[in-house]
Structure formats: C-alpha cells, structure tokens
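You will see two complexes here that share chain A, one where it goes with chain B and one where it goes with chain C.
== the complex of A and B ==
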C-alpha cells in the first residue's frame, strides 16, 4: 500500500519534471531548427526549405555588426576571466579554511557580489572609470565587472570542495616535511582538481555569455553578448538564430570538455586508489 | 580544528605555518587578490553610485555639488512609483512560480529518483542551461510565442481559437515566462541541496508514526528545506528586480522595469538620476534580503 502511494506521486512528479525539461530545452531546439531556414524563410515556422544560408550570412560584415571582432574579444576575455577566477577562488577558498581578521566581512562581501543587481555593478564601475578619467574597456573595467559575478560561484565551489576535504592527507604531507607550496601542489591540488576544473568552467562560460555587468563597462568595443543584444533590436532574419545556434553549440562544447575531463580525473584517481 | 591543533602540538619541530589551513598571515595573503578585486570592482563602485546620486547635473555633465534633488525627483514621480511597483509585481509572481517548480522538481530529484547517478544526472539537466547565453534563451521564445508562432498555429489548427492570441509575446505574460525559464534553476539548486541533507530516517520515522504524504511534506521536508528556499528566494528576487534584458526583449519596448528606467537615464547621460534610482533599488533589495535572512541562516548551508 505504501508502494502504491509512492508510485502515484512518482508518476505525477516525473511528468512535471519531463514537462519542465521540455520547457527548458524546447525553445532552444526550435531556434536550432529555424537557423537552417532556406534563404526566403522567416523568423517562425514553416521552414522554407533547408539551407546553411544564414550561417554564411553571419560571416558577411553587413549582416551582423562586428561578429569577428566581438567573438575574438569575448573569447580572450573569457579566457582571462577563467584564469583569474581559478587563481582568486582557489586562493580565497584556501584562506577561508580558517578564520582571519575580517574573514566574516569578506564572506559577506562575496555574497553581496552575487546578489547586488548586476546593472548597479555595471553603472557603478562605469561611473568610477568616467570620473577618474579612464576609458572603460572590455579588458579592464568589463574584466573586473565579470569577476564580481564569477568569483562568488568559484568560492562556493571551493567551500563545497573543502567541506569534504580530509585534512589528514595535508597533515601527512606536512609531517613528512613538505612546505606549504609543496603540500599544495603535490597533495591539495590533485585532490581538489575536479573542483578547480568546475571553477574554470564557470569562469569561462559565465564570462563568455555575460551581458548585464558588461553593458556599461565594455567601452567602445563590444563583446559578443552586447553585439547579440544590439541585434535583437534590429535584425529580423534567421541570421540571429544562426548566431544563437553557433554560440550555444560552442557553450555546450565547453561544458562537455569540462565535464569529460572531470570524469577522467575521477576515474584515474579511483583506478589508482582501487 | 582540535585535531589540527593536536597535530601541530605533537610536531613542534614543524616549520611555522605548518598547521593545515595555514597561518592567519598566510590566510590574509591568500585572500588579498579576492579583497582587492571586490574592493575595486564592487565596494568602490557602489560607494561611487551613492556619491553620484547626491550630485547635480546638467544636460552634458555631472556637477560636483551636493543635492538631494535626484531623490526628490525620483519619489515625486508617479512613473517611478509605477515602475518600481510593476518590477516588484514581476518579482513576486516569478518567485511564486519558481518556488512551486523548484520545490517539486527538487523533491522529485531528492526523494523519488533512486540512485545518486540518476539524481546528479537529472540535476545537471536542470542546471546546465545556466552556462549558456541568457539572451539567446530569451530570444528562443520568439518562434513559439509570436503571432504566427508555434502556440498560435497549434491552437488555430485544432480550432481552439479563431484568431491568433496576441498576449503571448511582447507582454507581461512573456516577461514572466522568460523570468521563470531563466531563473527556476536558482530555486532548484539550493532547495535540492537542502533536501539532499535531510536525514532519510526522519522521513521513515514520520511514515512509521502514521504521517501521510502531505503531512510528511508539511511537517518534515518543508521546514528542513527552509534554508534552500530562502537562498533561492534571494536569488530570484534580486535577479528579477535588477533585470534589464528579459523585459526589453520580451516586453517589446513598451514595458517598463527599474533596470530599463536606469538604462534609459544612463543613455540620456542623466547619471545622477540613474544613480539615485539605483540606490533606491539597492535599498529595496537589501531590505528584502535582510527580511529573508531573519528567517533563514545561509551560513548553515556552506
């Protein structure tokens, strides 16, 4: 009887879950299909033939503002944010393993960085740069603005990692005479490596797609999301879907590479320990 | 911690800083890059916003003299009040829907799905879109909701309606839909995290004592998921209150939000006015967060 009751709630909730997954992925699936519209096709179904016309159109200067430049800037910036995010979050995560003067304040600052509405960070940094007479640019002000968004996620991952971290490994390294740096590189880092890959993934992906904190801080040269947002106002052809398909496919590739490397690291470790 | 102290005491020859977790000075050194980045790109900019909100301006530049006129302008304008009210409305409706979805999806993952691999796999299915573009995800609703979109075509085909529904796109409905689409995972993640920590024996104990499905939910699972619900609520409220992208794409240029109002003032170079509205928004968000934190302790989750 207990089993029956469980069964019923399972099927109802499984249907809800399936509907939610459809809701989550259905729209993106439709624009992937529509990006292969024929040259005469529009923004909605039906399909007028099937072609890669709109993908070709992407690379012609007049169709999309500055696609080549903006994607180059976005990739370089995402790489910069990824590296900085890993270094700052791992160091910060190590620091937060013990209390230090100001640690509570710094912790609340990290939380604040996550929940202060992005448009305020954007406007504040924009004002700061303009009042100091500095030109905002994607590699300076937007870089810092994006870090305020990625670092909290990096630190939360580190907190989760160190919660499950067995300190006796580190103690053993120290007892055997390893200095702080050696015990970090030889003991701690290999153990936390999957988490570090996760931090890198978050840093790269969140930066690559970041819009609200970049909006007022990128200066004269757009990143890709700014270019896409500008297109939403004035592009009325499926070229915007082609761009959406390409950039989503790229994000998916980054996620797959990161997850696969995490799985490989874990499997190798299990093999070693087993 | 006591074990680390014991280890350090047992090994007095260890060089300084040999205590796992490092010294206080070492911790400071490690936290320095974090403190510098947040100082320069969060604390100073927010202080800058507050300062600029009290400055005067003309049509071309900011004038460095102290005024409260920006705040008087903001609170004496009916349009400002309406904009804050409609934004708050979006936040509350989105919160209610994402809470419902977040609670039941997390419940399904935590208690109905069997096996850690399935649980994590399905959880990832819910959370992976977070790492893709919000703008693209918002645009992707256009083919479904437009006048000639999928929803209208299907409804017309089955004669459920006789002319296309126009409220589907470029409307408050579309705005809320996009908010739910983008932000539900911010509810699912913390609630799922809370639920996974619930001791399964408590649920068995409730069942053994004769509690039915709903009684178990109300008296055991809901109270123990409170922290996750609180964190999810903070995320959803702050994301919706500050939103700019979803409202401008899904509202079709007619809809207002605080984010759009601030953006408009910025594009007209009325920076002190934008800063005043930004400070008001920040104050409202902080009050809401403060109220939520009175109910839940987020440090418990870390």
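== the complex of A and C ==
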C-alpha cells in the first residue's frame, strides 16, 4: 500500500529536497569540520588530527586580519541598523496606513532599492561621499547603504502586520480616552510587537552579514564580512574556518536568544492567566 | 427650569441626545441627510434599517469617530460637534467588540480608567466590579482570545461602562452571536439599560431586535429617518410601504392610486364571497401554505399586488383546510388597514 502511494514523484521531490539541504548546510558543515583541523593540517581535507588550535590562533595577535576590531564594528553597526530600521519601518508603516499625496510613488521609490544591484548602490554612495569630500566610514556611508537594504524589508513586514491590524482597536482606545501617543504605546505597539521584534532581528542579521553594499562604503576600517573576504586572499591556514565557525555560532546564538526570550514572554503572559 | 412659552427650554433638559439637521457626506455621496432626532433621558433607542441606510454613520458621528459634515449634535445639553469621544460622555461598544488582544479582561475593562490616570489597584478593583456586573468576574485573568463571542461581548460592555457614560452606543452588538445567545444577551442589554438608567443607542438591521428592546425605534433608509416612535406605533402604523415591508408581518396592498398596510396576522382567509360587508378583501389563488406551529402562513397570489399573506391560527386553518391553487380571498377589518405612502 505504502509503496503504491509513494510514487515516482515522491522520490524525485525527496531527492531534490535532500540536495537542497545538502547545498545549504554542506558548506557550513565543511567549514565547521575543517575549523577543528589539527595544528599541522591545511585548508583542505584530509583532517590531520582534531584540535581547537585554530580557535586559539584566532585570538592571538599574529593574525593577518583584524578580527577583534572588525567584529566590534560589525556588532555596533548591526545594532545601529537594527534600531534605525525599527524606528523608520514602524513610523513608515504607520504613515502608509493612510493614502497620502505621493504615497504610491514613495513606496516604489523605497522598494526600488531592492531591485537595483547592490554593488551599484554601494558604488553610488561611495562616489557621492567622495564627491562631497567626505570620508566614507562604516558608521556613516556603510550605515546608510545597509539601511537601503533593510528598510524595504522592514516596511514590507509592517505592511503585512498592519494588514491584520483591526482599526477598531485604535478607535476603542480613542473612545476610552487615549490620545494618539498613548494609543500607540498602550495599544498599537504591544499588538504589533512580534512584528517589530521580527524587524529588529531582520535588520540586525541583514546588517551583520551584509557584504556588497558595504564593500565600497566602509572606508578604511572593515566590517567582519569584508575582513573575512580580505582574509581569504591572504590567510592560508584553517584559522579562517575557525572564524567562520565562530561567527556562524554567534549568529545562531543571537537568533536562539531572541526566540527564547519571545517564548518566555509568551509563557509569562500565559502564566498570568488564572 | 420651568416651561417657557414655547415649551422648548424644559424639553432640552430632559434630552440625552439631540441631532439637529445632521448630515454626513463622503465625497459626493451623502450617507446621512439632514436628520433630526431627539432622544429623551434614559431611552433605549434602536437605529434600524438595511445596510447602507446611514445608521452606523449616525452612531459614529454621535460617538465622535466620524466628523459631522453639517448640523449639530447635542449630548446632555452640550454641543459636542467638535469634541473628542472622551469629552462627550459617550462610550461605544464596537461590532467586533475590539477587545485589546494583549490585555486580560481586567486590564481591558480598566483601560478607560488607566487613561484617566487612576492608580493600578483602584482601577483594577473597579474593573472587577464591572466584570461582576456582567457576570464575568471568573474570567478576569483570561485573554480575549480565550473567551467565547458572548463572553467577549460582556467584557466589551463592562469596558464601555467603566467610564460611567451618559449614553452607551452599540454598533450591531448582537449580530456576531448565535441565535440562542442573541436572545440571552438581548435580555441582558435591556436589564442593564434599565438598571443604569442611561440611554442606549443600538444600531441594528433586525426589526425583531428593535421591537424587543427599544423604547424608541428609528427606522432609517437612504440616509433619512423614515419613521421614529415607540415600537408598537412603528409596527401597527407603519408610515410608508418601506417601513411596513421592513418591519415584516404586513401586507402592503395597493388601492385607489394609494396603498395601505394590514398586518398579516389580522388577515383571514374567506371563501370566495366574504360575508362581512365592512371588511376589505382581495382575491386570488392560494400560492403557498406553510405550517409554522402556532400559525399557518397562507399566501394568495393576487393580480393587483402580487402575493399577500395571512397568518391563520392553526386550529382555524385545519377546521377548513385549503389546497394549493384553490381560489380564496384575503379579508381584513377596515380598522386594521392603515394608509401608507409608497
């Protein structure tokens, strides 16, 4: 019976899916495995022993790259992008709930930056800065370049969130005496909070691993992805894999912490119910 | 205050709500056209009409959730035209209840007091009192999503009443409930209104609801008030053919270039020659027979007015049963026929 039910299509689709998973996680797994290469091992298989030697090496000053500096910059930048993204997307989402003069045009203008090749955005911003006689830097030009990438996403998420938002919640708040600000803080924000957390996570992770838009705009000091890219050209030891493993683990950690805290909030809200 | 010569001053003091030439336009369409309405203190008023008749726009203008295009709204002697909802002494219960999904019942009910700066313990204590009034104190800690429709409605009612409004506005409050619950909540609303002694303005498209609840029924159609008055008056003396049809249970019969309405339960079926000389009658073939328990609904297809209906008590009908297609006439006493405008 089972064999009858699982026709050819099942096996074709299953192998397609397996290939997809392999393609997605295979390289990550390879890097993670190779990062535990023995002290005598090289950049490729086979493994010469098994050690955490390269993780040690990562934190020693004999490195070609500037790991500590770049990760600090990347984290600060990701945090800046996260905050700016949340503030702008939520405000924009609120504004777009009503049609206003030029709203459609403004919407396409924002969304267009998803379509423009990212390297061109980067190049353009870099050029503009040099034309204006400003020095591009990770906290100014790269910050702006990354926002051109995160804000459209944030705004689209807000549109989806407000699509499901019942306007009479706001009217009820107004009816009960809440002014615009208190109806925002007491009613709208708590209701859309899961979406806002999503935008924050999105902004953080898009910034943290952003490469093409940062490339021409980061100035003298590299962010982590730029540093890793530079290191691939210069570093000939598995220390680069150790770096990959560590940053991947960090990203996973951020997501796990965010998810767990959301789950805890939900459980606490549920626990209040008697 | 005593009566003036015109008798007007004293009238204004006993009105909860007065609408004076109120108009609402959306672009080129007029949703509410120049309506006048006076709602005496402590009245259960139903705004009744088909969808799109302007009843909800009227309610929302009274609530302050919709601007008035023209005219004045007076609540308890104060012109509230430009006041925000909170300054009007009204409270609104929304059609879908609009309970805040992130707050439990106590905090939903306490919300109005929180906005007025009442301390947490005091406002929660007050909220519990109101929850008790609607018999929901057991569910104080629940979130709205964990309540049934009827329970949500009780909480919404408590939330609207916590600000001690002079007028409670209800937008189709019963339409989301199942028929059984609707009956129960209907009694509950009436009881609350009587106990609180404030005016309720209740928007509905159900004539049954309006008849059961209202002291004052306001029938609206196409943005105007077609007829307003006590429920018996509306039902027994519909002013227009529209009101007669909308209230149901009436035959609208055209005659002599005009028309009159006669209640279907006052009509009788007679053999082809009516004996009573004073009665009106109209003849045709029996086109439908429906047994409804206490009455039998008999339809007669007439040439002049289409199908007319008599609700005949079951024992009378079965004493002399009719068959489909048989010729019969519908008769009524002259006193039961009321002229209506078409």
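The working rule: the second predicted complex is superposed on the first by the 245 of 274 C-alpha atoms of A that agree within 3 Å, B and C clash if a C-alpha of one lies under 4 Å from a C-alpha of the other, contacts with A are read in each partner's own complex, and residues count from 1 in each chain.
Going forward, a residue touches a chain if its C-beta (ideal position, glycine included) is under 8 Å from a C-beta of that chain, and two chains touch if they have at least 3 such contacts.
Predicted, not measured: the structure shown is a model, and the values here were computed from it.
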item: First (chain B), second (chain C), both or neither touched by A:140; value: neither
item: More chain A residues in contact [chain B versus chain C]; value: B
item: First, second, both or neither for A:190, with chain B first and chain C second; value: second
item: First (chain B), second (chain C), both or neither touched by A:166; value: second
item: Which superposed partner A:24 touches (first chain B, second chain C, both, neither); value: first
item: Partner chain(s) touched by A:175 [first = chain B, second = chain C, both, neither]; value: both
item: First, second, both or neither for A:119, with chain B first and chain C second; value: first
item: Partner chain(s) touched by A:72 [first = chain B, second = chain C, both, neither]; value: neither
item: Footprint overlap on chain A, comparing chain B with chain C; value: 168, 171, 174-175
item: Chain A residues touching chain C - in the complex, by the definition given at the top; value: 166, 168-169, 171-178, 182, 186-187, 190-191, 193, 269, 272-274
item: Residues of chain A touching chain B in the complex; value: 2, 5-6, 9-10, 13-14, 16-17, 20-21, 23-28, 30-31, 34, 43-45, 84, 87-89, 91-92, 94-98, 100-103, 106, 109-113, 115-121, 123-128, 131, 144-145, 147-148, 151, 155-156, 159, 163, 167-168, 170-171, 174-175, 179-180, 201-202, 205-206, 209, 211-212, 215-216, 225, 228-229, 232, 240-241, 244, 247-248, 251-252, 254-255
item: Chain B residues touching chain A - in the complex, by the definition given at the top; value: 3-4, 7, 11, 14-15, 17-22, 24, 26-31, 33-35, 37-38, 40-46, 48-49, 52, 62, 101, 104-105, 107-109, 112, 122, 125-126, 128-129, 131-137, 139-144, 146, 148-150, 153, 181, 184, 207, 212-213, 234-235, 238-239, 241-245, 249, 259, 262-263, 266, 271, 274-275, 278, 281-282, 285, 289, 298, 302
item: Of chain C, residues touching chain A in the complex; value: 63-65, 84-86, 90-92, 94-96, 98-102, 104, 111-112, 114-116, 140-143, 146, 159-160, 163
